[in-house]
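Both complexes shown next keep chain A, but they swap its partner, so chain B is in the first and chain C is in the second.
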Partner chain A sequence: MNALASATTLRGLPEAIAALAVGGTALLLAFLSLTRPAARLSRWPLASALLGGGWIALACGVALGPLGTGLLRRESVAELEPLGQMCLAWIGLLVGMQMKGTLLAAVPAPLLRWITMDAVVSFVGAAVVTWWALRTAAPQVDLRVMWPLLAMIGAASIGWSGELRSLHGLDARASSVAALIQGGAGLASAIAIVASDLVTLKPGGSASLITTLAIAAAATVALRSTLGTETGNQGRLTLALLGTLALVAGAAALAGASTLPGAFLLGMAITNLRGGSMRRMERLVAESEPAVAAVFFLLSGIILGRTPGWWPWMIAGGLLFVRIVAKPIVARIALGDAWDQPGAQRLRPAPVRQAPIAVALAVAALLAHDTVAERGCLLALVLCGLGSGVLPLLWRARS
Partner chain B sequence: MHEPGSNELQLLVLIARTEESFDPVVTALLDAGITGATVLESRGIGAIIRSEMPIFAGLAALLPQATGSRVILSIATTERIAALMRYLDQLPRERRPIGVTLPARQVLGLEP
Partner chain C sequence: MRRVLGLLSSLLLLVIAVGLLRAWGGDNEAGLMTPGVLGDLPRSPATGVGTAALSLGLLLVGSFVLGEIVALAGLPRVSGALLFGMLTGPNLHVVLTPPFPALVPQAELDYLQFVDALAVSLIGLVAGGEIRIEFLRRSGSMLARLVAAEMSGVLLLVGGGVAALSGMIPLLSERGTGERWYLVAVLAAMTVANSPAIVTAMLRETRASGPFAHLALSITVVKDLTLVIIVSALLAAWSTSDAGGGGAAALGVGWHLAGSLLVGAVFAAVLAAITLRTRGRLDLLVVVIGFSIALAGRMLSIAPLLAGITAGFVLANAAPNRSRRLFNSIDDLLPATYALFFAVAGARIGLSSLAALWPLALGISALRLAGLWCGMRAGCAWAGVRPPVRTWLWTSMVPQAGVSIALAAEARNAFAGQPWADLLHALLLSIVALHEIVGPPLLRLGLLQCGEVRR
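Coming up: the complex of A and B.
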């Protein structure tokens, strides 16, 4: 039974009504995230942190799901899984669309150094603390069995959140550091997706991944040749993009692979192809980010469940420890004097905050294999994200 | 409402929100006989809000924040601006710029 399918059914009501309730909430949150009041709310630093981290939508999901009011229970609502896969695909598309040649060429050497160091330190550190927690909780489990989870959590720990308003970090004096943090957050999301899918490959899994990537490549060629240089019809573009994405996500789900890499490849191809239709798609996808994030985090909150034992809390504590101790040191070493420039003090807690892509990686793993281990890892990453988001705010309040 | 005379000068402000909508604006300016204009790269408030709160994507922060949006400023006669506006009004909605004109009471440094 998959995670979303097992997560939700309204007590005493037909499954279709339960799915409708979740779908209605998702649509409402998506709509609200694109409205003027939401934009106005994001000017308030705390609200910016809550919206940027997806915490409001996640809290709504938790409230609806088994961890909250219990209104939604762990029973079958298979209708929701495609929505979860589409959200993941859209997130992969968003991250892939950053991989434009001109953007990658603009990545400065200090940022490359920072990202490389961060990726290695975070991956190893997170994998070690997760291994320690799992060994403590279940000493009999073989490391080979644990490896995909260790690798997923290691990849999820790469990078940081790019939201800086809550830190009052959009200071013109430190604009170069702010750009490095935001640019690094985007680049790290891409590295996390690639790392997660390559390192967690199981024997025989490469065929699924290659099949998914091949379908994504073929879909891109078809999309480009169908639309040509059309620029005028927004509805047609939206429909074509949704159809292509559904094809890529569906192929990945059938092949037993993650939805993220295929969609990532599709996004990368669209952003590097010429044509007015491609640019309009880029804008459409970029503008949809808050809405997709709202739906995705709502679903993440719904599938979040209780896990026997304290090991997810131990993993979360360990991950938080790695972030608090290692991330600032890595940033200081990689950026050197830039880290000390006037106005950059407020930005120092930024690398500590977990990137939202971490939850996406955990949900992708959960949709592929719904076991207690995957649920526990999702809970651990949500707890770590929450802790790493709150601590900088407390630090700023005290200072 | 007071209609200015055809030879009175007006300040023309056009906002082309995308690359695709900028091209017909330039063509229309030339067709209307307005050969002098200043073009400024600009950003909409939506782009600013998105760049301040990236969720999954933030790499674009490394580049100068060009979104394809441009502001076109020009001073021209009412007659030419009217011809321009008639043409722009016929463009498809997606390619039509936002435009406004203001009476130019005093003008300095403009060649006759």
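Coming up: the complex of A and C.
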């Protein structure tokens, strides 16, 4: 009913083709992720790495965006900003939801040691590499101005690939290296979010962060008192959850802060509050992880723009070098003999793979402040993530 | 009482928090990032895009909480969403003194209208899925009689009443005879519309099932189709007399209807193929399909509601078993869809025009209600509908929302440049606002009286 009078005139054809291309691709991705052949395909290591890491979705996004066919122009990309904020909020929520008091109390000492060492070494190593690359691109810019970017890349390099909520897997098999790798991936994602937001905080930015956290707290109170102990209605839970996430994302955007910490706090609150509705909400968020990840990586690919110069490639190469060299050494030192256990050999490349939260941190920075530097950092982290995902597979195939 | 107080304080806390945030604003430059290390990019996002998520969140959570409060008072949740939209929308902010920060600014509301189109598509899918071809076959002549009688009742009473009083209505008194009669016809035709969205939402909320529910939804959909043709013909007649573009206008109307049906059928085929080959939940797919229908509506100048109804109807009747999983997935998204759709509709209600035109709007609304009652009673007697449905079926035709607002906007576009175009638009919106408010409680009353409410 929206255009009775102007029904004879179609909108601009390129715009229509772009919109249909985006809709078609999203439909195809949703279709692929749900089909039986897709489930069978994910048994192959390479396909699993590409599908699980979100790289197929990202490649589709790149193909549609300004870096690829250019079907979506910069103005159209800007229109997708709220969707990106919502995806980020969902990711922050997922990570926050594993911060359950009982789970954190059960984290074994070797894992704490490993994560602490990894966080320090990765942060410093990645920051140094980024500083070196940015100095070659912009020698006049001093360290103080570069610091937020260095800190963001440093935080993004903490940890390794794994499910964002993998800390939940720790309790039963805490002694095995596989369980430590799984649990560590989840814990590292939480540390990366906190580190990224605290280390880059400037005096003026603290008010923004506090405002976002206050809105998240108010939303949690509203959510808790509205839902009460309700356990039955999935639709009403979805409504409450979507609304709360949008509220947190929007508050962060208005305050000029990152979406991730507020959503992270919300996730922590949900997982530590008692009640049937909270348990159901936790399950709802966990079940939707693949779908949200697909949309998020599609959007990340779309917003990936062209960056002048080679410095993002230099950063990516440097980060890859740090991961390949430093991560296994840190694991060996932190875990001691456990790292040499029979069977653990196959798991050694695991810490080399970049965590998915890295791209989320870069996108959050880009949505807060869209400049050439932030775009370059996103490109660098995407390249590093792709390289660190494929290299261990090649290494394993050769050996 | 304790629960109501708890809910009210949560709502208040939320509104105050967002109000303070809006009042103080955000100092983006003092945020986490420094100015571009390697240079800033030229960036011109559409106004209201960056912070639209805040309005989205406020409308969703606020509608949910207020919906709970009004539900405890025995009113439909839809009314809570409408009320919350009205209270937080930009129109109330305009009439308030001293100035208070708009909780949902106009720019963000404009952006949310695209998400609103997603809601319209999903509502259309659900409405179409509720109509069974067996029911249409069995009750086709009954439906035709009811629609004809109800439309005639409204057209006669509203048209006759407005024509009789045209000398006292400023919009009509200064027009020539031909133009006056034309405007009377437009006004009467516009008041015939009711809201498929509200009917569907109320049926879902109350889980109503029975002759009242089936007839209410079927009449609404059939009438919607008929009305599109009538209004299109009226607007085309104006274009023909104004610019000689009758052929083009007729072509446009034809495409609007046929295109909507065609696109709906294509989406039904795609959905059927996908549901056959996939497993698990289809929530994401439903959202993507909803967006695609909305996009198609925007790009191809078709009606998303009509396309959605066609897709839902074809799917539910051609592949009833296969589509069940899909409709179950839509069910989980419906509360969020309804909350957003009705809150946005509430936020768009022009309170200032309502304040100025309420006597006229109230008079036309009274004529409409009388026309609905008479038309539907006569139609029910003609079609052999039994009590209590015969007594209460008229209540399902009272609510007005998205379709009526869209028709009013089309009329304004068609009459652009005329000195009375804005006044007609404001009057139509004021009438919609009144029926938007009283419609859902009346429909709930009708469902209750017919004993079809299951919760």
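Annotations
As a working rule, the second predicted complex is superposed on the first by the 345 of 399 C-alpha atoms of A that agree within 3 Å, B and C clash if a C-alpha of one lies under 4 Å from a C-alpha of the other, contacts with A are read in each partner's own complex, and residues count from 1 in each chain.
Going forward, a contact is a pair of C-beta atoms (placed from the backbone, for glycine too) under 8 Å apart; a residue touches a chain by one contact, two chains touch by 3 or more.
In this text, all values refer to a predicted model and were calculated from it rather than measured experimentally.
Of the two partner chains, both chain B and chain C are touched by A:Gln234. By the touch criterion defined above, A:Val120 reaches neither chain B nor chain C. Of the two partner chains placed by the overlay, chain B and chain C both lie in contact with A:Glu287. Once the two complexes are overlaid on the shared chain, A:Ile333 sits clear of chain B and of chain C alike.
Applying the stated contact rule after C-alpha superposition, one finds that A:Ile210 touches neither chain B nor chain C.
Looking at the superposed arrangement, the partner reaching more residues of chain A, out of chain B and chain C, is C. Shared-chain residue A:Leu394: touches no atom of chain B or chain C.
Look at A:Val325: by the touch rule set out above, it reaches neither chain B nor chain C. Common to the chain B and chain C contact sets on chain A are residues 234, 287.
On the side of chain B, the complex with chain A involves touching residues 18-20, 46, 49-63, 68, 92, 94-95.
The residues of chain A lying in touch with chain C in their complex are 1-11, 15-16, 19-20, 23-24, 26-27, 30-31, 34-36, 74-75, 78-79, 81-82, 85-86, 134, 137-138, 141, 145-149, 197, 200-202, 204-205, 207-209, 211, 214-215, 218-219, 221-223, 225-226, 228, 233-236, 238-240, 242-251, 253-258, 287-288, 291, 294-295, 305, 365, 368-376.
Within the complex, the chain C residues that touch chain A are 3, 6-7, 9-11, 13-14, 17-18, 21-22, 24-41, 43-46, 49-61, 64-65, 68, 111, 117, 228, 231-232, 235, 239, 248-249, 251-253, 255-256, 270, 274, 277-285, 288-289, 291-292, 295-301, 303-306, 331-336, 339, 403, 406-407, 409-410, 413-414.
Contacts from chain A toward chain B in the complex involve residues 39, 42, 48, 51-52, 54, 91, 94-95, 97-99, 102-103, 106-108, 111, 162-165, 170, 178-180, 182-187, 189-190, 231-232, 234, 276, 279-280, 283, 286-287, 289-290, 293, 356-357, 360.
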